[in-house]
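For clarity, chains are labelled A, B, C, D, E and F in written order, and residue numbers in each chain start from 1.
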Amino acid sequence: MARKSKKISESRTVMTEIIMPNDTNPINNLMGGNLMRWMDIVSAICAGKHCEHHVVTVSVDNVSFDKPVPVGDVITLQAVVTRAFSTSVEIFVEVFAANMQGGNSRRCNDAYFTFVAVDDSKKRPQAIPAVLPLTAEELKRYDEALQRRQLSLLLAKKLPPEKAQKIKAELIQNL
Amino acid sequence: MARKSKKISESRTVMTEIIMPNDTNPINNLMGGNLMRWMDIVSAICAGKHCEHHVVTVSVDNVSFDKPVPVGDVITLQAVVTRAFSTSVEIFVEVFAANMQGGNSRRCNDAYFTFVAVDDSKKRPQAIPAVLPLTAEELKRYDEALQRRQLSLLLAKKLPPEKAQKIKAELIQNL
Amino acid sequence: MARKSKKISESRTVMTEIIMPNDTNPINNLMGGNLMRWMDIVSAICAGKHCEHHVVTVSVDNVSFDKPVPVGDVITLQAVVTRAFSTSVEIFVEVFAANMQGGNSRRCNDAYFTFVAVDDSKKRPQAIPAVLPLTAEELKRYDEALQRRQLSLLLAKKLPPEKAQKIKAELIQNL
Amino acid sequence: MARKSKKISESRTVMTEIIMPNDTNPINNLMGGNLMRWMDIVSAICAGKHCEHHVVTVSVDNVSFDKPVPVGDVITLQAVVTRAFSTSVEIFVEVFAANMQGGNSRRCNDAYFTFVAVDDSKKRPQAIPAVLPLTAEELKRYDEALQRRQLSLLLAKKLPPEKAQKIKAELIQNL
Amino acid sequence: MARKSKKISESRTVMTEIIMPNDTNPINNLMGGNLMRWMDIVSAICAGKHCEHHVVTVSVDNVSFDKPVPVGDVITLQAVVTRAFSTSVEIFVEVFAANMQGGNSRRCNDAYFTFVAVDDSKKRPQAIPAVLPLTAEELKRYDEALQRRQLSLLLAKKLPPEKAQKIKAELIQNL
Amino acid sequence: MARKSKKISESRTVMTEIIMPNDTNPINNLMGGNLMRWMDIVSAICAGKHCEHHVVTVSVDNVSFDKPVPVGDVITLQAVVTRAFSTSVEIFVEVFAANMQGGNSRRCNDAYFTFVAVDDSKKRPQAIPAVLPLTAEELKRYDEALQRRQLSLLLAKKLPPEKAQKIKAELIQNL
């Protein structure tokens, strides 16, 4: 039976939050950990919509924090699926900030989260729909998702030697 | 000087939340008060973006709660400005729910919130941009906003007698 | 069998909260949505006590916010039942504020909440005790509760035409 | 100048809370520490009202927890001032619980909290009004407050030897 | 069968928290009630580890608050078991504070919490391992724990008259 | 002037938390984002102690989540500094879980966080003490910290070409 394919727009998820005093560090900017928490939530909702299953966070790629977000600012998080593997899915999340008057609008950071789809009771991995990339940007992220996955398996030493060798060679090219 | 006009799409705001255990009543559904709190937040962010000022909630129209939202479901709130008066703005907010697997998607309820724009320090009302309605739906809400405002002033007995009389006559027609 | 009647004082509920930093907007006053959340909670507790059942918020009448409540102030919410219909109950809630030193005591606002009584498992409406108004003020709110209910049914277009006509006529008188 | 006296009823404070999932331990009953937190808040509000100053918690007497309060129950806390010393005040707080349907109403526990009144900026102790006990119960708690204070000073070794000796003798009688 | 004994170090528990804005009173210091809540949590975790059962807070001895802890400071709580009775255990918890730069390090306060071990379902008391005190300090607290327990039973009038008499005589000596 | 050196044990930080219902996903396990939030907090406290300055999260290395942590479990986070650069510091944080009865003790995951030290007002980078590694494990993490930093600069394309070339060559060796 052919595997079901879904468009990326079907599971796109947007989240908006005001930075409240308890979200900040003692110099009154959003704490990195709170931002990661929101990035995980919006990504999980997006992953759930695509997979049509409960999902569990498997890993997060490097996250950098460049621009401070002061208390009272508004952040908007946008999550899209990049590619689905057999039972796992990669989500790309971007963060934007602005003040409450809608000014000083800026892009803050982004990250890649990976989730596995599970059933409710036994929490075993579940097969999920494929991703159908349509725009040039969606295609670019779809292709790169495979490279990120291979690098991740390489670093976790979960690949057979000859496959690992091939990936290493490619990585050196791309660095 | 001509008053600045802004499109409704410029301040449209979307918010997504998972219903967590502490958001629910003892029969495990989202409490009405928590939903009103989120509706106020998304409306305030939308109002701030349109007004380009801090905003303060002035009033909320009748809110009804038809469909229970169980713990673990995801709600999406969408807020748009309907019409701007000299220093206040009316926001229309709609609430949708679905489960974490993206299923059982449904419209839950809606409400109208009114905010006044204020300056930071003295909190005095501030002049704000006009709203430029473009679609048929935007125009319909733009027109009705004036009626809602007049009814609200009538109920608060803030209109001169002859003006009140005229509005009463119109209201009877429309009921 | 005669329907049980209960006095309003039996379910009167008082709630006190300190305005904490996370309850405020960026200009350091209590957010309207947080106040609505507390109004819903105190009303629900009051409704549960009168109905002797779990209750679910059905609707809230217009809520206005006149006076800002700054961080560190104390608010007191008082909820009383006004009238019980067959399976639903209307609650009147008033909000007062003062500073932490007990000074600047003032009345902030009020609202009417309607709840339906439900059983635990199937969440079907349940018959509830009648309300026994005793003081002049209690009687006044008891009578007005019927008008508010009729207006609400009218606006929701849930009344037969001739009944709707009669209520409209009365409403025009009272406006 | 004669010291101002205030009646106990002027500062009596009532607080109501629903036990939410995050307030409970893994066997689903209210955690003792959360109850102590609420007892401190209601006592502080009561102390602030009597003292007409900001107040700081100085100490809490033994607190016992006899009856478990399950998730979904409602607790009501009542705080009254018992006696005022020159710059400190003792508060008596009682806790009652019931379920959301108003049933299984029961007294849970009580405690004595002591607060010192301070000014805003330098946080130095401030003179406060005296307490005017009126009922027999209020007089009893007023008299006992002095004993509790002496015992507390004794345990903290803050009394001169001969005074300490006298208090010890009385304590043995009363034990 | 000989009762199992456990070393105190096996259940020692350390907890660290940053004082956030919502943890403070209106003069920006940690509220006493919040500190008691954390003291209860760290003590409960320590008690659970020693008892190998779920535990429920039974009582807390006098708690004093000497030194204010401002917002942004870090507190460290250390909990150790002092002595185990047949089904209950006493925990000693100490609180330290410092600023976020690690400076102004100081001891804030301490308290004794008593927990009873219970089974999951029926919540009946459960037999627990004995405590094996090793250092001089551990032995001192072990011995004093018995005195604290006897005083507590005396105050609760839970001892037979002749036993009560004997304990009173000892208490007078020690005061 | 010689740069001050500090031992790793001086800033080691331990944090303990109970997994509460609001920390979990709909299948009742700790959400990855909440764990990252706690990892960031404990790392920031550790970094602040070493640097003797306020610190801001710069980046987090890959984080993986292998073992689910159910509601009611206790997690312990341990943070140590690995190496200090001129104004930034790398922190290694490990997470352990166990149930409330102290059983099923297990290592969950780990991560590397990087912080920059800043002054309070202008938030400019500040010089910080060096790290003095003493044990074999501390020395190993100290050496690897430099590699992680170079890889991170390489990926961010912040290195001059010839330096980048040299690092690439080493990386290929180590993969």
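Note that in this section contacts are C-beta pairs under 8 Å (C-beta built on N, C-alpha and C of every residue); 3 or more make two chains touch, one makes a residue touch a chain.
Bear in mind the structure is a predicted one, so any value in this text is a computation, not a measurement.
Common neighbours of subunit E and subunit F (chains touching each): A, D.
Touch-path distance (fewest steps) from subunit B to subunit F is 1.
Of all chains, the one whose CA centroid is most distant from that of subunit D is A. Distance between chain centres (mean CA atoms), subunit A to subunit D: 50 Å. In whole angstrom, the spacing between the mean C-alpha positions of subunit B and subunit C is 21.
Taking each chain's centre as the average of its CA atoms, subunit A and subunit B sit 31 Å apart. For subunit C, the set of residues that touch two or more other chains comprises 18, 21-22, 26, 41, 54, 100.
Chain pairs recorded as touching, per the definition above, are A-B, A-C, A-E, A-F, B-C, B-D, B-F, C-D, C-E, D-E, D-F, E-F. Across the complex, subunit C meets subunit A through its residues 21-22, 26.
Residues 18, 20-22, 71-72, 100 of subunit C are the ones touching subunit E in the complex. On the side of subunit F, the complex with subunit A involves touching residues 25-27, 29, 31-34, 36-41, 44, 54, 56-65, 68, 118, 120, 123, 152, 154-156, 168, 171-172, 175. Interface residues of subunit C facing subunit D in the complex, by the touch rule stated above, are 11, 13-18, 41-42, 45, 48-55, 74, 98, 100-103.
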